[in-house]
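In the two complexes below, subunit A is the common chain; its partner is subunit B in one and subunit C in the other.
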Partner chain A sequence: MELLKVEDIHTYYGSIHALQGISLRVMEGEIVTLIGSNGAGKTTTLNTISGILKPRKGAVYFQGERIDPLRPHQIVAKGVCQSPEGRKIFTRLTVQENLEMGAFIRTDSEGIRQDLDRVYQLFPRLRERRRQVAGTLSGGEQQMLAIGRALMSRPKLLLLDEPSMGLAPVLVETIFDIISDINRQGNPILLVEQNALMAFLIAHRGYVIQSGRIVLEDSVENLQENEMVRKLYLGEEIET
Partner chain B sequence: MESQALPSTLRPLRGIPPWLRIGILLVFLAALPPFIGNYWTHVLAYIGIYVMLGIGLNVVVGFAGLLDLGYVAFYAIGAYTYALLASPKFGIHIPFWAMLPVCVALAALGGTLLGIPVLRMRGDYLAIVTLGFGEIIRIVMNNLDSITNGPKGILRIDPAAIGGFKFTTPTHYYYLILVGCILSAFVADRLNNSRIGRAWIAMREDQDAAALMGIHILRYKLLAFTIGASFAGIGGIIFAARQGSIFPDDFSLMVSINVLCLIIIGGMGSIPGVILGAVVLIGIPEVLRAVAIYRMLAFGALLIIMMIFRPSGFIPSARRRLELKEET
Partner chain C sequence: MIPSFEILIDQLINGLTIGGIYALIALGYTLVYGILFMINFAHGEIYMFGSFAGFFVLVQLTRSGFAQQHVYLSILAAFVGAILVSSTLGVLLERIAYRPLRKAPRLAALISAIGASIFLQNVMMLIVKARMQVYPDIFPEDWIEIGSVSISTFQIFIILGSVLMMAGLYFFIKRTKTGKAMRAVAEDKDTAALMGINVDRIIVTTFAVGSALAAVAGVMVGMYYTQINHMMGFIPGIKAFTAAVLGGIGNVVGAMVGGYALGLFEAYGVFILPAQYKDVIAFSLLVLILIFRPRGILGEVVSERA
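Entry: the complex of A and B
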């Protein structure tokens, strides 16, 4: 079943035409990755879905309902939650306070407690440091916290913006394993990445974005075979 | 109140539970007037009005992180509303207790009205627009002769009265203001620990991340302005009733600056800090009357020394202390 449908969105920063007609969809149960280089429009796409930016043209549908006219907090309430680029955790709050902030829209304290438990199970490191001020965490732990915080709203669709950014390769692997676990527990995920190699390991389908346009869309298996993808995003030397 | 982490100045009090600490302080304050005479009772009551203003502005600046330099406007709205409807000016004499909710509501409305146009502004821009708003209200009071008497002010304002009891002596007002301070502190403390308070913390920390948590930024900003302003409404009506006469100059920019200063000196975001800040900032100039012409000089020097040696204020809130540590 189709969960998210982004239809030909055009988003501007002032007069800069950042997204020039992006269309993509995420089905129930999937991990979909959106790969592209710096400045291609990956974060802009996510922020348009989250309602932080408004598309000038086009539409975003979630579970068949149009969400692009809604404000960010309404979109969170619909079940779309983003773990933002650069993590944006609340650095002066403790780990647990950060997670509780993630559940801001919820009032079911029993369910919140269960999800807190779930997040601590996914990320045992966060449990160890739950009383620690978040700004003192390492980069990897902060990324875990950002993902955990997004999970606390019990989203139907999780948007992850470059979870590998600035992390040591070992940590990236750990984080991606957990993202895969989260997906297996039933959460569909839209994963924005520069690190295509890692993204392809866990995703089912992928889109390639260049200068605000989707240039390629396919299953991960096929993308990995694609010459342009191998050259531009997997860094392989192609013999001609 | 935020007692879990006492700063070094209050460390000797650590063994005493917070409720007892507050209780002792209140008993002490309630017993004070007969021992200190009319003049100091008067000074303390004046400090008390600033405590209320400080607690209110602290909601906006300390809790929600919105720099508001026009806070005096809401104080003026509270004071003028009472003055116009409880004085010989129009021959209307609505009782004090009935005017109390009216003044609070109008000040809150003023907060909302200021809030709407500045919702999308941050930082410096917000400060400038609010500064302008504060001045506009004062200038309107100054120029609207037919209603406010302009610079001649409004005289013979009815004293406060609740039921059959009329507030006439400085001691009466001292207790009225003390109760006002207690209520303000209580409400602000409850707010800080509520869902609204948490939304404000998130907003202050990172507005974009807060929006991604599902927090309705515009609503909580507006709420901060509205709630913060309503405290000034109470301060305003009590001020007008106590003075018996008010003039536009009572509501100059200096009031906004003073209130902001006392919050910074006391410790932003901390209610005990605001109280101590008011005592120091408003009280010390009175004490310094002894040195007459050097009074403001000495006072200014004290402020500078204070900011150098205790930049986070006398009693910073636990969280704010962290914020400052990070910056220095």
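Entry: the complex of A and C
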């Protein structure tokens, strides 16, 4: 079943035409990855889905309902939650308060407690540091917190913007394992990455974005075989 | 002349009384600054409106004879009325004067605030025909003797009342879901929205809470000094702003500390300068802090965003 449908969106920053007609879909149960180089428009796409940016043309549908006119907090209430680029945790709040903010729209305190537990099980490091001010966490711990925080809303669709950014390779693997786990527990994910190699390991389908346009879409198996993808996004890593 | 112990204690009590008032008003400046990075220069007028709202409630209750029989209930009603009026005013101010300018250069919001301040002063001037008003004298003022020091029950009431309000605010910000959301919004509005927080509603709440604290201060001042007028918000407004800057604008605990520090400075300043220079102390302090330590005592809380 189709969960998210982005239909030919055009998003601007003032007169800068950042998205020039992006269309993509996420089906129930999938991990879909959106790869592209710096400035291609990945973050802009996610922020348009989340309602932080408004498309000048085009539409975004979630579960068949048009969501692009809604305000960001209303879109979260529909079940779309984003873990933004650069983690953006609330540095002056404690770890636990950050997670509580992720659950802001919910009122089922019993369910929230269960999900807190689930996040702490995914990231035991966070449980140890739950009373600590989040700004004092290491980069990797902050990324875990950002993902955990997004999970706390119990999203029907999770948007992740470069979860591997700035992390050591070992940590990247851990984070991707967890993303894969989260998906296996039933969460569809739209994963934005520059690290295509890692993204392809866990995703089902992928889109390639260049200068605000989708230039390629296919299953991960086919993308991995694609000449251009191998050259531009998998680089030398493919040689080894 | 070396002041006697009694006088030193007297001035301590005076300093804590007025310091509590400054702190309550300063919190409004700091809460709004913390979330919108703007100085709400109409905040002194919100305080003034609170004082007048309490005054009107007490006048009505006194006329009807209710206040004479139920003193404490009437005082409570004055506070509730003041809080309702000031909070509504703060919320309207945000809607009408600030929200449309949120994405405009900061100077625009500042000018809008000054305009709102002048407008509100004139509204009250028209309502009360520019006359000085006298708070109904229903609160039984007593003096409590502790050794050779005597303290007015008014002062005890103000000191305890302001501490209680601040403790309440601190609990609200630290422990409640809305308070936590206020801190989240202060740090990063876009990310807060991505968590499902209705940012506009949190900003409105911030204005309402800050205005309510100012209203409480307004009624306390009315009962303590008894005379109020439509210009009364100006000087305390600037002084409370000084207190907020002193503690580190945007920093909630800083506003409390700054309020008491300024109150005590003024109270003990009379030993060095004649009492009529009291205001000079506050404003010299403001200039000195802005030059030498603009981040205040406890440090400005600014977002770490690039």
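Assume the second predicted complex is superposed on the first by the 235 of 240 C-alpha atoms of A that agree within 3 Å, B and C clash if a C-alpha of one lies under 4 Å from a C-alpha of the other, contacts with A are read in each partner's own complex, and residues count from 1 in each chain.
Following the convention adopted for this analysis, contacts are C-beta pairs under 8 Å (C-beta built on N, C-alpha and C of every residue); 3 or more make two chains touch, one makes a residue touch a chain.
No experiment lies behind these values; they were computed from the predicted model shown.
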**Asked** Clash or fit: what happens to subunit B and subunit C when subunit A is overlaid?
**Response** clash
**Message:** With both complexes superposed on chain A, which partner does A:101 reach: first (subunit B), second (subunit C), both or neither?
**Reply:** both
**Message:** With both complexes overlaid on chain A, does A:133 touch subunit B (first), subunit C (second), both or neither?
**Reply:** first
**Request:** Identify the partner contact of A:77: answer first if only subunit B is touched, second if only subunit C is, both if each is, neither if none is.
**Result:** both
**Asked** After superposition on the shared chain, which partner residues are touched by A:121: those of subunit B (first), subunit C (second), both, or neither?
**Response** neither
**Request:** Would you sort A:50 into first (subunit B), second (subunit C), both or neither based on which partner it touches?
**Result:** both
**Prompt:** Regarding the shared-chain residue A:90, is it in contact with subunit B (first), subunit C (second), both, or neither?
**Reply:** both
**Message:** Counting contacts the way the document defines them, which residues of subunit A are shared by the two interfaces, the one with subunit B and the one with subunit C?
**Reply:** 50, 52, 71-73, 76-77, 81-82, 84, 88, 90-93, 100-102, 104-105, 135, 149, 153
**Message:** Considering only the defined contacts, which subunit B positions touch subunit A in the complex?
**Reply:** 195, 198-199, 201-202, 205-206, 208-217, 319, 322-323, 326
**Residues of subunit C touching subunit A in the complex** = 177, 180-181, 183-184, 187-188, 190-199, 301, 304
**Request:** Could you pull out which subunit A residues touch subunit C in their complex?
**Result:** 50-52, 71-73, 76-77, 81-82, 84, 88, 90-93, 97, 100-102, 104-105, 135, 149, 153
**Residues of subunit A touching subunit B in the complex** = 50, 52, 71-73, 76-77, 81-82, 84, 88-93, 100-102, 104-105, 133, 135, 149-150, 153
